[in-house]
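The chains carry the letters A, B, C and D, assigned in the order they are written, with residues numbered from 1 in each.
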Amino acid sequence: MSDFKTMQAKDLQKASAQQRVVKVGVQIVTYLFLFTMALIVIFPFYWMIISSLKEMGEYRQSIPTLFPKVLDFANYAEVFTNEDLLLGQLFFNTLLVGVISTALSLVITVISAFAFARLEFKGKNALFAALLATMMIPGELFTITNYQTVSSFGWKETYTVLIVPFLVSVFYIYLLRQNFMQIPNELYLAAKVDGTSDIKYLWKVMIPLALPTIISITILKMMGSWNSYMWPRLVANDDAHRLITNGLRTAFTNAEGVTDIPVQMAAVAVVSFPLFLVFIFLRKYIMKGVSRSGIKG
Amino acid sequence: MKKIVSLLLAAIMLIGMMGVLAGCNNGGNKVAPDFVMPEGGLDTTKEITITFYHQMGAQLQEILNTAIEDFNKIYPNIKVEHKTYGDYNGVRDQIKTEISVGDQPNIAYCYPDHVALYNVAGAVQTLDSLISDPTYGFTAEQIADFIPAYYNEGKAFGDGKMYTLPISKSTEVLYYNKTFFQKNGLTVPTTWEEMEAVCKQIKQIDPTCIPLGYDSEANWFITMCEQYGSEYTSVDGENFRFDNETNRNFVKKFQEWYAQKLVTTEELSGGYTSALFTGENDAGTRCYMCIGSTGGATYQQPNQTNGKFEFEVGITSIPQVNPDKPKVISQGPSICIFKNEDPQEVLATWLFAKFLTTDVTFQASVSMNNGYAPVIQSVKENEIYADFLNSYSTANIQAYAVKVALDQADAYYVSPAFNGSSVARDQVGLLMQRCMALTGNDLDAAIKRAFEEAVSECKYQAGQ
Amino acid sequence: MVDSKHQWKAWLYLAPAIVLLLIFTVWPIFNTIRMSLLEGYTTMQDVAGVSFNFGIGNFKNVLEYHGFITCLKNTILLCVLTVPISTFLALLIAVALNSIKPLQRFLQTVFFMPYVTNSIAIGMVFAAMFNMIIGGGARPDSVGIVNNVLEAFGFEYINWMNAGSEYWANIVVMVVYIVWNALPFKILILLGGLQSVNKQYYEAARVDSTPRWRVFTKITIPLLSPMLAYVIITGFIGGFKEYSSIVGIFGEKMGPVGQQYSLDTMVGFIYRAIGNNEGRASAAALILFGIIFIVTMINLYVSKKKTHY
Amino acid sequence: MKVVLQNLTKIFPSRNKKSGEEVVAVNDFTFEIPDGKLIGLLGPSGCGKSTTLYMISGLQKPTGGKIFFGDDDVTELPTESRGVGLVFQNYALYPHMTVKQNILFPLQNLKGADKMSKAEMLKRATEAAKLVQIDNLMERKPSELSGGQQQRVAIARALVKMPRVLLLDEPLSNLDARLRLQTREEIRRIQRETGITTIFVTHDQEEAMSISDMIVVMKLGVLQQIGAPQEVYDDPHNLFVAKFLGTPPINVFEGAVSGGKLIIGEQAVLDVPGVADQDVYVGIRPEGFIPEENGPMTCNLSSVEVMGRDSSLVTTHTASLNPLVRSIIDSDIKVDPAAETVNFSLKPHKVFIFNKETEDRIYFEVN
C-alpha cells in the first residue's frame, strides 16, 4: 500500500447534477407507486360510503354505478331514527364490553408476558411453545364446545359471556414478551437488589418502557371486540346485550332474506367512524408499539 | 430442537388422555320428556315466560308486538319474549346449538328440513294431543278454517304425527308485464310449451331482452319433479332419487332455453332478475316475465315516473306440465313447539301458537304487510282484508300476489322432510345452475355426470 | 439467576391466563379430539342418547372424500401464492413509506383503512370489479371494472368469476382479494421493523456510495429478516385457514356458477361438515392442525437458518 | 487532498417549535487542512466537532459556507460521490456480514472506471486487513469481535476504497485504556503509511495531542485555535485553550500586573515587562514550578507524590481558582514532605497571562 495515490478528481459538477436527476426520478416513482396502492386499498372504503348514499332503486340496478346519480342521505337518517335498531344500546354494549375486556385482558397479558420474559421456572419454554401451538388451531370447532361450557355456567345473555372467554390472547402475550425481553436483565436484578417487589418493578420500569406496544395491543384488542360477530350472536343476541356488528347484520334483513344494503352500509359507516378516529389519534403509538416489539421470532 | 421435542411430548400426552375420556362419557339424553297435560290445566296464577325465535324484519315485529298485547288481554300471565336471527339458516343454527345443551326456546319459526334436524334429537313436541284437547285444543271449525294444504304440511314427517302449524305462507307465482303482453297481443302461458312459444315470440320483438327470469333454481327443479310426477326424494329407503331420465330431460330442455337466452336466474345472470323485470338495465336487457315468491312481491313493482307506473303487472300461477293436476311449491315459515320440563310452559306456548294461527287481525296484518298468504280462510271475511284483496293492482301488488296464492291453494305440494333434505334442496339448486351453464357438444354425458355427483354429494353430507 | 423460591410466584402470575386457557382452549381441544374419535358423531344424536363406537372412522371418512384433495390443493395453492406476494408488496410499500417525509402520516392512515372497512362492503366491491352481468344480448351487459380497463388497453375481456370461468381466473380473483386483505397488518409490522433499524447502517452505506437497490437487498432485507420471517410464518398459519374470503366472493357454493366447490378449502370442508356431522368436522380440523403444525415447524427451521439476530 | 472550510455554519432549528431559539452548532468556521496530514478536532461535548465532521462527509447539510476537496467545491455533492471514508463512533459494521464481506462491500459499489474484478477486490481487501492487522479474523461476524477488533475492521472498510479523506468519529471512546493507547498508535501508523488526509474527532485532549499533526480546538461551535499540538500547548490564545490542554491541567490563579510585575496573592512572582497594570488570570503549567529556597512564590505543601522519573507536589494557594495546585518537578530535587510551605520560582515561558474580561492571552517579552 506504500505507493498509495488518491483518486483523481472526477468532474464533480456533472456528477452532482446527474445525481439530483436520479434522486428526483426515484421520488416520483415512489410517490406514484404509493398513490396507486393507496387508491387500490381505499377503493372498498369509498364503495362503502357511496353505497350508503345510493337509494335502493339505484343500488339494485344490476350494473353498479361508480358514483351515485342521486345523493340520498335518507339512509343515514334511517339509521339514527330507526328505533328498532337501538343504535344507542348497541354502541353502549359494544363500548362496555370492549373497554372491560380490553382492560382485563391487558392485565393478564402484562403479567403473563412478565412471567415469560423475566422469571425462570421449570417447563417455561414447553408452556410457551404449547401456547403458540394453540394459535395454529382453526377456531371453528371451539365455538360448539365453548357454547356448551358457557351455558353450563349459566352465563348466556350476560356481559360476562362476551368478555371472559377471550381475555387471554396468546398473540399479544407473545408480542409483549418480545418487547419485555429487550429490557436488559441487569435492570431487573438491580431492582431486586434494592428490594423492589416484582409488581413495583413491573409498574415502575417495564410498563413505561413497553408503553407503545401496550397501547397498540389495546387498540388492536378494541377493534377485535368491535368486529366480533359469530360468538356474540350465538350467546348474547338479546336486545340488552346485542353488539354492534351483530345488530347491523340482522337489523336490515326482511323475512324474505333480502337486506337493504344501502341503509346497512350507512349504519356500518357510522359505526366505523369512531374506530377511524381512535386510529388517527393513536397512530403514532401503534407504529412505535409494533416496531419497539422488535419481533425477533 | 428442545422446543419441538417438548411440543411433541405435549401432543402425545394430549391424545393419550383424551382417548380415555372418549370411552366413558357418551352423553345421556338431555331432552325433556313428552308433554302430559297437567291436571287443572293452565295455572293462570303463575307468571310464565316463553321465548319465540323468528326472522321477522322491523315492521313485522311491530305487528307481532300488537298481537302479543292482544294475546295478553286473554292470558295476562303469559309473557312472550321474541328475538330475530336474521335468516332461516340463522334460526336453525342457533336452535341446533341450544338443543345440544337443552336450553332451546319454547317456539320458533321453522321449515320442514329444520324440524327433521331437531327431531334427530327428539326435541320437537308433537301437537296431536294438544290439538284434540277439549278445553285448550282446536275446535272443529278452527281446523276446517285452515287452508288444508298448509295445515297438512305439519304431518309430512313420515310418521303421520303433527309437528308444526303453518303461520304465514308464500308460494311461487308468475309476474308478467301486462302492458307489453296486451300491446303485442301475447297470451299468458299456462303450460311450459306455451311458455317456450311466448318466450320465442318476445325474443323476436325485443332481441336484447331475456323473456323469463326464474329466481330460485332449487324451487324450479323440485316443482318440475312434482309436475312430471318424477321422483325427487323420499323419507325412507333411498333418500336421494332425483337422478332419473325425466329430470335429466327437462334440465336439458332448460339448458337449451338458457343457451338461446330465453331464460335466466339470479346466479346465472350475476344480478337481481326482479330488477330486470321492473326496469331495463343500462344495457337494455329486461325480463317481461319473472317467476318469484309472493313474499317478494314489493320487489316486482316497476318504477314510478311522476305517479304513474311504467307498466301494469299481471300475476298468475306458474306454468304447468298438466294444467288439470297443477302443482305449485308451498314455502314460508311454520312454527313448532319444543319439549320442556315444565308442562305449563308447553301449554302456554301452545296457546300462543293457537292464537297466532287463528287470530284474524294478526294473520291479516302480516299478509297485508309482506304479501305472505294467511293460513286460515276466515281472514277473507274480515272487511278490511276483503277490500285489501279486492283492491289488487300494480299499486297494491301484495294484495294481488296473495289473491293468486289463495286461488291456487289446492295445488300446493310439500317435499318430504328428513334429516338431510335441506342438503338435497341445496344440491339440486347447484345441479340446475351447473347443467344450464353447460356448453360444448357432449351435453348428455355432462348432465349425467352432474346428476351423479350431486347424488353422491348429498349422500356424503347426509352422513350416509 | 432467580432461585427456585420464585417458582410459585411465576406460576401465580400465569395463573389467570392458564385457568382461562384451560377452560376455553385446552378443554375444547380435548373435546374436538373426543368428537373426532367417535365414529359418525353428531350432537343431535348425542342429545338423543345414541352411542357411537370409538375408532378412526371419521378420519378415514374425511381422507376418502373425493373433494378432500381439491380442498387441500386449493388451500396450499392460495397459501403459496398469496403469502409471498402480499409480503413482497407490503415490504415495497413499507420501504416506500419509510423513505418519504411529506404525506407519510396521511398515507399510513390510508393503508390502515381496510381495518375499518366492513367485510360486506369488501365483498360487494370485488363483485363490482370482477363480476359480469349476463344479459339478453350476445355481449354481457357489464363486464366489470377490471375488464373495462383491459378493453381500454385493447385486450379481450376475461370471464373472471361467472358461469364457465376458468379455474386460473378464479384463482387470480381470490389472490387479489386475499392479498388486498392481508396488506394492512403486514405493512404495519414491516414499517415498524424498518423504523427500528439503526439509522447509522444507512449512513454507512451512503458513505460507501452504495446504489439504492443494493442498500435494499444487502442491508434492509437482511436486517428486516426476523420481521419478514415472522410475517411469513403468521401468513402461512392464516393462509391455511382461508375460508371467509372465498365465501365473500363466491358465496356458500365455493366456486363459480356451475362449478360449485371448485375453490373449496380445508376450512370450507369443515364448515360444511359442522352442519350435521361434528365428528367428521373435528377429524378434518385435527388433520388441518397437523398440516399447519408441520408447515410452521419447517418455516421455523428455515427461518432459524436464514435470519440474522 | 487538502480540505478547505470557508465560513462553514450549521444552525439547527430548536426541537420544540414554541421556544423557537435555534442552536448554532458550527459558527463561521474557516480553516484549511493540508494534504496528507492527521488532524484532530478537539473540544468538549456539544462544541460542534462531530457536526463539522459529518458536514465534511456530506451526511449533514451546512446552513452556510463552502467545503472544498482540493479545489473542487463539494458542498452540494452527496456523500456517495465525495469519495470519503467515515468510521462511526460505534463502528456501524453490518451485523449480518462477515469481516471480509464488510470490507469488500464498498468495493462492490464502485462503478465505471473504478470497477474492479473480483480477484482485484479480494487483493485490496486482504491488503487493507493486513494494514490494520485483522487478516486472521476475515470469516468472523462483528458480534464475535472485541471493541478494538471491530474498530480496526471499520477502519479497514473505510480505507479499502482509498478515499480522498478519512474521517473518524471519536474512534477510541469505546475502548478500554490499554487498548486505547495501542489503537491510537495504529491510527498514526496507518495514516503515515497511506498518507491520506485524516480528520478525527475527540474530546480527549491527550489523545489528540499525542498523534495529530495539527489540532483544531473548538468551543460551543466557535473555532478557538489551530496549530501543531506542541505549539498550541506552549502558546494558548486564550484561557479556555490553556485549561483544555495538558494533563495534569494548568493551574489558574487570580492575579494582577502592576509596575511590570506579576502579583499573585501578595507576592511579586515574575517580571512581566511591557504589560499594562490590570487584574489578570494567571496560568502556570505544572512543569513551570521550580522549588527554590527563596523562590518568589510560596504555597502550602499538602503532599509529595513520587512517580519515578519526576515527582508531583500537591500544594494549595489562596489565589488559586482550583482547590489544589499541582506541580511536577525533577525527582532529583528533594523536598521535605513534612515542611509547611514550599517556595517556587517560575519558568517564564510556562506562565501565561490572560485578560480578566476577554480571557484573551496577554503577551510579555520572555528574555
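Just so we're on the same page, a contact is a pair of C-beta atoms (placed from the backbone, for glycine too) under 8 Å apart; a residue touches a chain by one contact, two chains touch by 3 or more.
For clarity, every value in this text was computed on a predicted model and none was experimentally measured.
Participant: Which chain has the mean of its C-alpha atoms lying nearest to the mean of all protein C-alpha atoms shown?
Facilitator: Measuring from the global C-alpha mean, the nearest chain centre belongs to A.
Participant: Comparing the two chain pairs, does A-B have more C-beta contacts than A-C, or is it the other way round?
Facilitator: Of A-C and A-B, more C-beta pairs in contact link A-C.
Participant: Counting in whole Å, what is the centre-to-centre distance of subunit B and subunit D, each centre being its mean C-alpha position?
Facilitator: The computed centroid separation for subunit B versus subunit D comes out at 93 Å.
Participant: Distance between subunit A and subunit C based on Cα centroids, please, to the nearest Å.
Facilitator: A distance of 16 Å separates the two centres.
Participant: Hey, how far is the Cα centre of subunit A from the one of subunit B, in Å?
Facilitator: 40
Participant: In whole angstrom, what separates the CA-based centres of subunit A and subunit D?
Facilitator: Each chain reduced to its C-alpha mean, subunit A and subunit D end up 53 Å apart.
Participant: For subunit A, what residues touch not just one other chain but two or more?
Facilitator: 62-63, 133, 144
Participant: Please set out, as single numbers or ranges, the residues of subunit B touching at least two other chains.
Facilitator: Residues 4, 97, 100, 269-271, 276, 281-283 of subunit B each touch two or more of the other chains.
Participant: Spell out, as numbers or ranges, the residues of subunit C touching 2 or more other chains.
Facilitator: Residues 29, 43, 133, 141-142 of subunit C touch two or more partner chains.
Participant: Mind listing the subunit C positions that touch subunit B in their complex?
Facilitator: It is residues 29-30, 33-34, 37-38, 40, 42-49, 51-52, 54, 65-67, 131-137, 141-142, 162-164, 253, 257-261, 272-273, 275-277, 280, 297 of subunit C that touch subunit B.
Participant: Touching residues of subunit C toward subunit A in the complex: what are they?
Facilitator: My answer: residues 1-2, 6-7, 9-11, 13-14, 16-17, 20-21, 23-25, 27-29, 31-32, 35, 43, 89, 92-93, 96-97, 99-100, 103, 105, 107-118, 120-122, 124-125, 128, 133, 141-142, 145, 180, 183-184, 188-189, 191-196, 212, 226-227, 229-230, 233, 237, 241, 266-267, 270-271, 274, 278, 281-282, 285, 288-289, 292-293, 296, 300, 303, 307, 309.
Participant: Help me check something: in the complex, which residues belonging to subunit A touch subunit C?
Facilitator: Subunit A reaches subunit C through residues 26-27, 30-31, 33-34, 37-38, 40-45, 47-48, 51, 62-64, 66, 107-108, 111-112, 114-116, 119-122, 124, 127, 131, 133-138, 140-142, 144-146, 149, 164-168, 173, 198, 223, 261, 264-265, 268, 272, 275-276, 279-280, 283, 286-297.
Participant: Could you pull out which subunit D residues touch subunit C in their complex?
Facilitator: 57-59, 78-81, 83-86, 88, 90, 92, 94-96, 105-106, 108-111, 157-158, 161
Participant: Using the touch definition up top, name the residues of subunit C that touch subunit D in the complex.
Facilitator: Those residues of subunit C that touch subunit D are 198, 200-201, 203-204, 206-211, 214, 218-219, 222-223, 225, 308.
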